[in-house]
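Look for subunit A in each of the two complexes below; its partner is subunit B in the first and subunit C in the second.
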Partner chain A sequence: MPPKRKSNISINIEDVGMEVDASDSGSEVEARRKAKNRRAKPQRKAKRVSDDDDEDEEEEDEDQSPRKRGRKKKAKPRDSEDDEDEEEDNRNVKRKSSKASRKKAKDESDEESEDEREKKKKGASKKDKEESNKEKGKGKGKQGKDVGAEKDKKKKKNRKLSSSFEEEEEEEEKSDEESLSEGEMAALKEEVEEKKKLIATLRNKPWRMKRRLTLLKEAQDFVEKFEGALGKGKGRKLFAFKVMMAKKLIKFKRDFENFKTACIPWERKIKDVESHFGSSVASYFIFLRWMYGLNMVLLGLMFGLVVVPEVLMGLPYGSIPRKTVPREEQATAMDYSVLSDFEGYFKYSILFYGYYNNERQIGLLKFRLPLSYLLVGVGIFGYSLMVVIRTMARNANEGGDGGDEGDFTFSWKMFTSWDYLIGNSETADNKYASITTSFKESIVDEQMNQKDENIHLRRFLRVLANVLILLCLGGSGYLIYYVVKRSQVFANMNKDDLTWMEKNEVEFVMSLLGLVCPPLFEAIAELEDYHPRIALKWQLGRIFALFLGNLYTFLFALFDEVNAKLESEKDIKNATILALHEYAANYSSFYNTTVVPPQNVHPADVIRGPCWETAVGKEFVKLTVSDIQVTYLTILVGDFLRAVIVRFLNYCWCWDLEAGFPSYGEFDISGNVLGLIFNQGMIWMGAFYAPGLVGLNILRLLSSMYFQCWAVMCTNVPHERVFKASGSNNFYMGLLLLVLFLSLLPVVYTIMTLSPSFDCGPFSGQEKMYDVVMETIDQDLPAFIGNIFLYATNPGLIMPAVLLMVLALYYLNAVSKGYQQANIDLKKKMQMARDEEKNRRNNKDSTNQVMKDLEDLLPNKSLIPPAAEEEPPPPDVVVDKGSRSPKVKPGAAGKGVHLQRDVSLAAPNPRDPVTRDLGPRRGPPGNAMGPQPGPGKGRGGGRGGGRGGGRGRGGPPRP
Partner chain B sequence: MRGNDLKQAWQRMYTMIGKEENPFRDRIVETFSEDGLGNLSFNDFVDMFSALCETSPRELKTIYAFKIYDFNRDSFICKEDLRKTLNKLTKGDLTPEEVTLVCDKSIEEADLDGDSKLSFSDFENMISKAPDFLSNFHVRI
Partner chain C sequence: MGSKSSSLNKIPNAQELMQETGFSAAHILRLYERFEFLDVDQMGELRPEDFGAIRELSMNPIGDRIISAFFSPGKETVDFASFVRILAHFRSTETNRTRDGAQPEPANSRTRKLKFAFQLYDQDRDGKISREELLQVLRTMMEMQVTEEQLQSIAERAIQEADLDQDDAISFDEFRKSMEKVDIDHKMSIRFLS
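So, the complex of A and B:
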C-alpha cells in the first residue's frame, strides 16, 4: 500500500494548494523521504526481503525499541500518547536490553539514550496530539478503537516472542539506524510536529470543510506513518471520558448560569422595560429591586428578632392593658373608618411599639425582648448604612458616568449586539427594541458631543436657570416655614373656630408645592439644555431639596405632638400613681391590714397614658399608606386613564390626541425615584415605633414592582430622547444615604433623650430607652465586660480613636486621589496611543520613526503571501458569479469581486507590523497587496493568511 | 465523516435550525454555502456549526462574522453594508439621519487606515476588544 499512497498525498498537496507551513513542509518531507528510502533500501534488502519502506520509516522515527520488530507484518503504529503503554514499552526495553547487554553493552547504552531522547520529545508534543485527537473525534473513533484492539493483540504476541529473535532484530535495527543521520532525524521529527500542529489548529482555519477534511486526512496519514496512531486502547477511552466530562461540565456551568439568572427576581421584567424604555427607566426598577432586597433583610431582622418572638412567647392579646383595646373604644374598634386610621384593634396590635411588653425575658428561651428591640432598632440603621455605602463603593468601581464606555461604542453595537442564540420571536422582538433603544441612547450622547453652540449664551442661560430655581426653592421654603408657624398658632386656638382650610393648611400647601414645583423645575431646566442624563440629576437634586421642606414640616408637627403627649402622659402617670396610693390607703384603712391585694381591674378598664411612641408610629404608617394610595391612584388616573382616553377617544376627536396635546404619559423617573427614597426614609424613621411598618413596606414594594412594570409597559411611551442611565445608580444611592442620615437623627435623638412611656412598649418603666443595655451589661454579662465598656466610653479613649479615624480618612482620601490621577493619565495614554496608531496608518509617513525604520528593514518581498498560482480559485466562488443572490447588489457583485471574496479577507494592512509567525512564506513578489486590491489581483492574501486574521500581516507591498 | 458521501440535495437548511429570528439568517446561510446562494451541502452545514459553535476560536468567528456583515462581498465593510446591517438590527426604526450618523461614527471608530471602509484588519482589531462578541456570536445545537 505505501508507495501508492505516498504519491497520492503528494498530488493532493499540490491540488489543494496547501501553503504556509503545510505546503512546503509537505514537499520537503517528500523529498527527504525519498532520499532516505533510496539510501535505506539496499541495506535492508540485504537482511530482509519482505520489509517495505513504510514500516521501515515508521520504525526509524519511533523510538528504536528492538521489540518493535516483532510486529512487522502490520505496520502497527505505536501509541505515544498512552502513558501506560509507554511505560510498558520501556519495561520491555529494559528487560530485553538487559539480556542484550551480555552481548553488546556498548550498543545498548547508546540505544537507551536514544530512547530517552525520543520520549522527551514525545512528552513535549503530547498536548498537541491531544488536541488533534479531539479534532479527529468522531471521525476517527471507530478506526481508533480497531487499532487499539489490534494493538493489544500485538502486545501479547510480543511478550511471547523469544528473546533470541529479538536480539536478532536488534542488530537489524542498529544497521538501519545508522543509515539516517542525526540531522535528518531531527528534521523529520519537526515535520511530524508541524503536521500535528496543523491537525490541532485545523479547526481554527477558515477553510471549507472539504478542504479541511482533505488536509486533515493527509496530515493524519503522515503523522500516523511517522509516528503512529494517535490514540488507542485505554488512553483513548480515558480521553473520551475526559472530553465527555469537560462537555458535561460546560453544560452544567451554563445551566448553572441560567439558573442563577433565573434566580434574580424580575430580571426579565426589567429587561423588557429596558429594551423598550431605555436604561434610564430601567435604572428606576433596578433601584426598586435593590430596595426590595434591602427591605427583605430589614424585615428578617425585625420579624425574626422582635415580632415573631413576641407573638410566640409573649403574653396573648387581652392579658394586660397595653394589649387590650380600652373599654370606651371597643364599640367602634372594628369599624372600617377607625381601622383605616390605624386606631382600634390596629393600634393595640403587634404592629406598634405600645403592644410590646417590658418583661425582661420571655418564654422558654428566656428571650430578652426589650434588649432585642433596641438593638434591632439601631441595627436596622447600622445595616442600611453599611449596605448603602458598600453598594456605592462597588458601583464607583464599576465606573463612571456611563457616557464613555470605550472607543467602539457604535461598532460594537453594530456588530456584536445581536445574540445569535435567540430563537424565540418574543425575545427577538425585545432584542430588536433594545438594540434600537441602545442605538438611540448612543445617538443622543453623540449629538450632545457634536453640538456646536454659543457657549456664552449657554452659560448665561444656565446661571439664569439656577437663579430662578433657587428663587423657587427659597420661596417655597419660606412658604412652608410661614405655614408651619401659622399652624402652631392655630393649634393653640379652639378647634371649632377654625375653618377646614385653616386646619389643613400645611398639607394643602405641601401637596400644592409638590404638584407645581417639579414641572416648573423641568420647564426651567429646558433653558440649561443639559444632556438628559445630567438634567435628570439636576432635577433629582432640586426636587430633593423641595421634599426636604416636606420632611421638615412633618417632623416639626411630629415633635409638637410628642411634646404634648409627653405632657399629658406626665399628668396621667401622676394621677394613676395617686389613685393607686389612695386605693392602697383606703384598702388598708378599711380592712385594717397592710397587705394590699392588687387591684382587680379588667385590663380594658385601666387608665392608660397616651403612649407617644405608638402615636408616632401611627403617623408613619398612615403616611406610608396614604403615599401608596396616592402613587397608585396617580398611575391609574394619570397614566392608565389618560392612555385609555387618548387611545379610544382618538377615533372621534377633532385633533390627533396621540400626537397632539394629551398624548401618552412618559415615565416620570425623577418623581418615582424620589418617592421611593423618601418612602424609605419614612420606613427607617418609623420602623422603631411601628415594627409592622417594615412588613407593610415589603408589600408595597412588591406590589409596586408588578404594578409599575405593567403600567409602564402598557400605558407609557418612551422618552422623546431615550438616554443611557449612568452606569452606576450612585446618584440615587447618594440621595438615599442623605435621607438615611436625616432619618437617623430624629430616631437616635428620641432614643437618647426622651423618656419612654410608663405604661406601654418594651421600655416602660425605664428612665431612658438605652438603660436596657446598661441593665443587661450589669446583670447578665461578666463584670469585666462592664469594665471594658466603662473604659471604652472614656473620653480619653474616644478622642484618640476619633483622631485616628480622621487620619485614616485623610490618608485614604489622598490615596484615592492618587489612583484617580493615575487612572486619568492611563486613559490619556491609551487615547494617545490610539490616535497615533490611526495617524500612522493614515499617513504613509509614519509618525513613529522607529516603526518605519523597522518596516523598511523587513524583507518585505519574502513576506508577501504566496501567489495566486498556488491556489486555484475555490469552486464555490466561481459558481457565484452567474446566479447572484438576492442580497447582493448588482453593481457591487461583479465577477472580479466575487473571485476574491473568499480570499482578500486577508487583505493585509500595509503598515501593520509583523507580529505573527506564520511560518515561512514564499511567494513571488510583485503581487500587489495594497489596501484595496484590484479585482482579479490580490488573491495572494490567500486563505492561509486569513487564518492569521489580519492581526499581523506582511510588510507593505513593494513590487 | 465522509461529507461528500452524505452530500444532500440542495436544501434550505436554516428553517430547521431555529434561526428564524436572526436578522442575518440569510447572510449566514449565504456565507456558509458554497454557491453563495444559501444552498447548503452537508459539508457547509457542518462548517457553519463548527464556526458558530461555542468552542470555536475567536479568530475563526471573527472571519466568519466579517463575511456575514460584508453584504456585497467585496472584502470591505463599507457604509452600504453598515446601513444594511443597521436596518436589519433595528428593523428600520431609525431615521435616515440617525442611520447616517451611526454609520459614520462606526467607520470613524473602527477605521484605522482611513479609507472610510472597514477592512478585515480594522474589523478584527475592533472585534477583538468587544466584550460580548464571543458570547453572542454562537449558537447552541
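So, the complex of A and C:
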C-alpha cells in the first residue's frame, strides 16, 4: 500500500515538526534576533549599548528584548483589533519579531555585503524549494485524502452515538490521514536552510567561543531533526520510523503510568473516601494500606522461612508429643468453645510456638529450622524498624517544598478545580464532593490563620487544659497500678472466694478508662482551640499515653503467668527426669542389663510441661481476635445501627434525629489510628510465640479495609470541620515507631534471659534461645568466624563502637542543622527573587499604563520631560503608540478603573524605579569594578549608576 | 452535505480558517467531522441542544456557560467557522509556528485563553467578575451541604486574594495575575487538537 505509507509518513513528519518546532523555534528565533540586533545596533541611537559577548551583557539583552519586540511590532502597521493587552504572549511576540527582523534585514541589506549575499541565496533557494514542495504536497495531499476518505467511512460505522472527546482522542491517535500543508513544509525547509548556513558561516562570526558552540549545537540538532523530515528516500523513511517509535514509546509510557496507578490497591476506594470525608479520614486508610503492605512482607518472611518449611519437611501431626493433643483433652479438642479459646487442636497446631520441633536440620534441604525461627523472629523487628524509619525519612523530605502556594488558594480552587474530562456522572459526583471538601478544608485553615484574639487567655487555657489532662492521666495511671496490685493479692487467694467483680477488676477498669477518657480528653481539648489538625495530634498523643497503661497491665499479667509456668515447668521437668531414671533403674535391675530400650508410650500420653511460650502466644492471639471482634461490633452497633435508627426512626420521632441529638457518627480518626498501631504492637510482640498471628493479622487488615470503607461511606458523616491532613503522616509513624520499640523490649528480654521450655518449641533442650546461634557458629561455620564473634562481643570493642556511634550521631545532627539553615536561607532568597520579579513586572505594567494614559491626555503626544532628556524618541514611534493605545483599553469602565489605579501608582513610579533601586546592587556606580569597555565596540559608558538608570528594565519601549 | 466528505474542498473557507486559527488541514477535517456529527439535523449549524450530546459538557457545572460561549450574543446557532474559531482557543500553544501570513495574536495564546475562561465567569460582560457572579459559580460547583454563609466567605476570600484595586470585583488583569502560576497553556488545550 504505497499511498498509505506515504500519508503515514507525512503525518508523522508533521507531528514532529510541531514538537520540534515548539522546542527549537524559540531559541532559534532568538538567535536570529540577536544576530540582527548586533548588526542593526551601530546604526541605532548612540546611547543604546550593543550587546557585546560579555555574560552580563547577555543578561541585559534579555531584559531589553521586550522593548525591542515591542518596537518591532509597532513598526508594523497591521496590528489587529484583538491586540488588547500590552503584555503579549511570548511566543507570539517571538514569531512576530522574527518576521519583523527578517523584513528589516532586507531593508538593511546595504549594511554588509556578506549578509546581502546570504539573503539572496536564501531567497532563491526558498523559491526553489517552495515550487518543488508544492508539487509534492499536492500529490501527497490527494493520496492522503483518498485514504482518509476510506478510513473515515469505516470509522463512521464504528462510531457510537455517545462518542466523547476521549474517544476522539483515541481515534486521533490512530488516524493516519494528515498531510503537511505546503506552507508549513516551506517554512520548515527555509529554517533548515538557514540553520545550515549558520553552521557554515559560524566560523566567521565575531562571537565568543562559548556562544558559538551552543549555537552550533542547536543548529546541528535542528538540521538533524528536520533533514529527515524534508529529505527523500531512505533518510525519510528512517526518520518516519524513528518518529513512529518515539510516539509509540510515549503512548506506552502513558499506558504504563496508568497501569501503575491501577495497580495501587484500593486507590479508588481511598479516593472515594477522601473526596467525601477529606484528607484526614483518608490518611487513616492510607496508613492502613501501608500497614497492610508491611504485614505482607512480615507474612512472607514468617511463612516462607518458618511455617511452610515446618509443614512440608517437619514431622507430621501426631508423631511426637508436642505435635499431639494430650489424651485428656482429646474428647473436647474439636469443640467450638475450646477452639474459640485457641485450645484443643489450635493449641497443638502450626499456629503456635510449641508445635515446632527442635531438630537441627529438617528435610532434604537440611533446613535449620530453629536457627531460622530465631532469625526470622528478630528479623521481623529489624525489617519493621528499617521500613518505618525509612518511610519517616522520606515523608520528612516531602514535607518541605510547599513554597508559597498559599497565594491564591481560593481563586485557584474556584477557577481551576474542575476536571473537564469528566463524563461519568458518578465521577462527577465525586468531583463535586471533593471540591466541596477541599473548600471546607481551606476555610478551616483560613479561619485559623486569621484568628487574632487574646493571646494570654489562650495560653492560659492551653496550660490549664494540659494540667487537667495530666491529672487525668496521672489518676488513671494510679488507678491501673492500684488495681493490678490488688489483683496480685487476689491471685494468691482461693478463686472460689472471689466475687465476679473482684476477678475481672483489671479488665473492667481498663475498658472503663478506655471508654471515658478519650471523650473527656476531647472535651478538654476544646479549651485549647487548636487547629483540628494539631488537635488530632494532641489527642492521639494523650490517648496513646493512656493506652500505654493498658499495655503495662497486660504485660504485667503476662509476666506473672510466665513466671508461674516456669515454676511448674521446673517441677514437671524434675519429675519426668526422676521417672525416667526410675524406669531405667527398674528396667536394668529387672532384666539385668545396662541397655535400656526407650519407653514405648503413645505421644498423647506423655507427661508434658506447661510450655509458657505457647501460652504467651495464645494470649496475644486471643487479644487480637477479641480486638477485631470489638472493633467490628463497634462499627456495626455504634455506627451502622445508629445510622439505621437515625435514618428510619426519623420519620416518626418528636425531634429531628438527623440534625439533632444522636445524628450520624463521625469517623473517629484518633481511635482508629491508635487501634491500628496498638494492634500492630500486639502482632510484633506475639509473632515470635505465635507465627500464625501474622496471617491472622493480614486477614484482619484486609477485611477491615473493605469493612471500614463501606462503613465510612454509608454510615458516617464528614466532620464538622473537615481539615486537611498534613502531607506526611509522620506523626502516625512516630507513634508506630514508639510502639515498635516498646514491643521489642519484652521479646528481646525473653529471648535473652528466660530459658525455653524443655519439651516444646524449636529451642527445647537449650539453655537459652540464642544458643542456637552459638551452636551454628561453632558447628557449621569455620573456626575463625567464631573467633571474630568472640572478639566482637568483647566489651572492650563494644564500648568504643558505642562511642563512635554517638559521635557519628552528633556529627550528623550538626550537619543536618547546617543544611536546614541553608535551606531556610535559600527559601528566603527564592522568595526575594520572586518578589523582585513580581515587582518588576508590576512596575513595568503600571509605568506603561501611566505612559499611555499620559499620552492620551496630552494633546501633542510627547513624553514626559525626564524621558525626553535621556532619549528623545523619534516621532514615528510615538505616533504609533498613540494610535495603539486606545485599543489597549477594553472598555470605558475598564478605563475608569485603570485611571484610578494609575493615579495612585504614578507618584511612586517615576519611570524607572526598580532599576534605580537595583542600581547599587548590580555593581558600584561609575563602573569602578566592572570590565572597562572598549569604546570601539559601541558600548557607551559603564553599566552602573546613572547609565543603568537610564535604560532600566522597567521602562516602556523606547527606540 | 449529506455524504461524509473529508476533503478540504467541501469545507467552506477552509484555507482561510487554517490561516486564521492555525489549525492544520487535518485538524480542520477532524473538527468538521465532529461538527457534522454533532449537527444532528444536518443544517450546517449547531444549536445549544446539540452540544448536550457531549457528556463531558453536560456533566460540567458550568457546561452551559461553555456552550453559550460558542454563540455570539443574540444568535441561536453557530456555524462551522465560528465553531472552529472558538475551538482555536484550546489549541495547544506548543504547536505555534512561524507562518508567513501576518497575524494578530493567535486565539490560543495565554492571554486569549485566559480571556476565554474569564468570560465564562463574567456573565454580564462588564469586564469584571463580581461577587454575585462568583457565588453563582460556587453554587453550581458545590454540593448541597455547604451553607450560604460558607459560600459567602469563600467568595469573599477569593475576591480578597485576587482583588488588587479594592473594587470588590476581579478584573481581567487581576484574574490573569492570580492565574499567573497556573499552567493555563496546559490546562486549556485539548490534546487531540495538538
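Quick note on the criterion: the second predicted complex is superposed on the first by the 574 of 959 C-alpha atoms of A that agree within 3 Å, B and C clash if a C-alpha of one lies under 4 Å from a C-alpha of the other, contacts with A are read in each partner's own complex, and residues count from 1 in each chain.
Going forward, a contact is a pair of C-beta atoms (placed from the backbone, for glycine too) under 8 Å apart; a residue touches a chain by one contact, two chains touch by 3 or more.
The structure presented is a predicted model; accordingly, all values stated were derived computationally and were not measured.
In the superposed model, A:G796 makes contact with neither subunit B nor subunit C. When both complexes are overlaid on chain A, the residue A:Y432 reaches subunit B and subunit C alike. Once chain A of one complex is fitted onto chain A of the other, the partner contacts of A:P782 are absent, as it touches neither subunit B nor subunit C. Of the two partner chains placed around the shared chain by superposition, subunit B and subunit C are both touched by A:N424. Legend: residue contacts after superposition of the two complexes on their common chain; A:F415 is shown touching both subunit B and subunit C. Of the two partner chains, subunit B is the only one that A:K210 touches; subunit C does not reach it. Contacts of A:A187 after superposition on the shared chain: subunit C is touched, whereas subunit B is not.
By the document's definition of touching, neither partner reaches A:P597: not subunit B, not subunit C. Of the two partner chains, subunit B is the only one that A:E837 touches; subunit C does not reach it.
Within subunit A, the residues touched by subunit B in the first complex and by subunit C in the second are 407-412, 414-418, 420-425, 428, 432, 435-436, 439-440, 442-443, 446, 893, 897, 900-901. On the side of subunit C, the complex with subunit A involves touching residues 4-8, 18, 24-26, 29-30, 33-34, 37, 53-56, 59-62, 93-100, 102-106, 109-112, 115, 117, 121, 126-128, 134, 137-138, 141-143, 145-146, 150, 153-154, 157-158, 161-162, 164-165, 167, 170-172, 175, 178-179, 181-182, 187, 190-192, 194. Subunit B meets subunit A in the complex at residues 1, 3-4, 18-24, 26-27, 30, 33-38, 43-44, 46-47, 50-52, 54, 56-57, 59-60, 62-67, 69-76, 80, 82, 85-86, 89-91, 93-94, 98, 101-102, 105-106, 109-110, 112-115, 119-121, 123-133, 135-140. Across the complex, subunit A meets subunit C through its residues 11, 14, 17-19, 21-22, 25, 29, 76, 78-85, 87-89, 91-92, 95, 98-99, 141, 145, 148-149, 152-153, 156, 159, 161-165, 168-169, 171-172, 175, 177-179, 181, 183-184, 186-187, 191, 407-412, 414-418, 420-425, 428, 432-433, 435-436, 439-440, 442-443, 446, 718, 890-891, 893-894, 897, 900-901. The residues of subunit A lying in touch with subunit B in their complex are 138-139, 203-206, 208-210, 213, 250, 406-412, 414-425, 427-428, 432, 435-436, 439-440, 442-443, 446-447, 837-838, 841-842, 875-877, 879-880, 883-889, 892-893, 897-898, 900-901, 903-912, 931-932, 946-951, 953.
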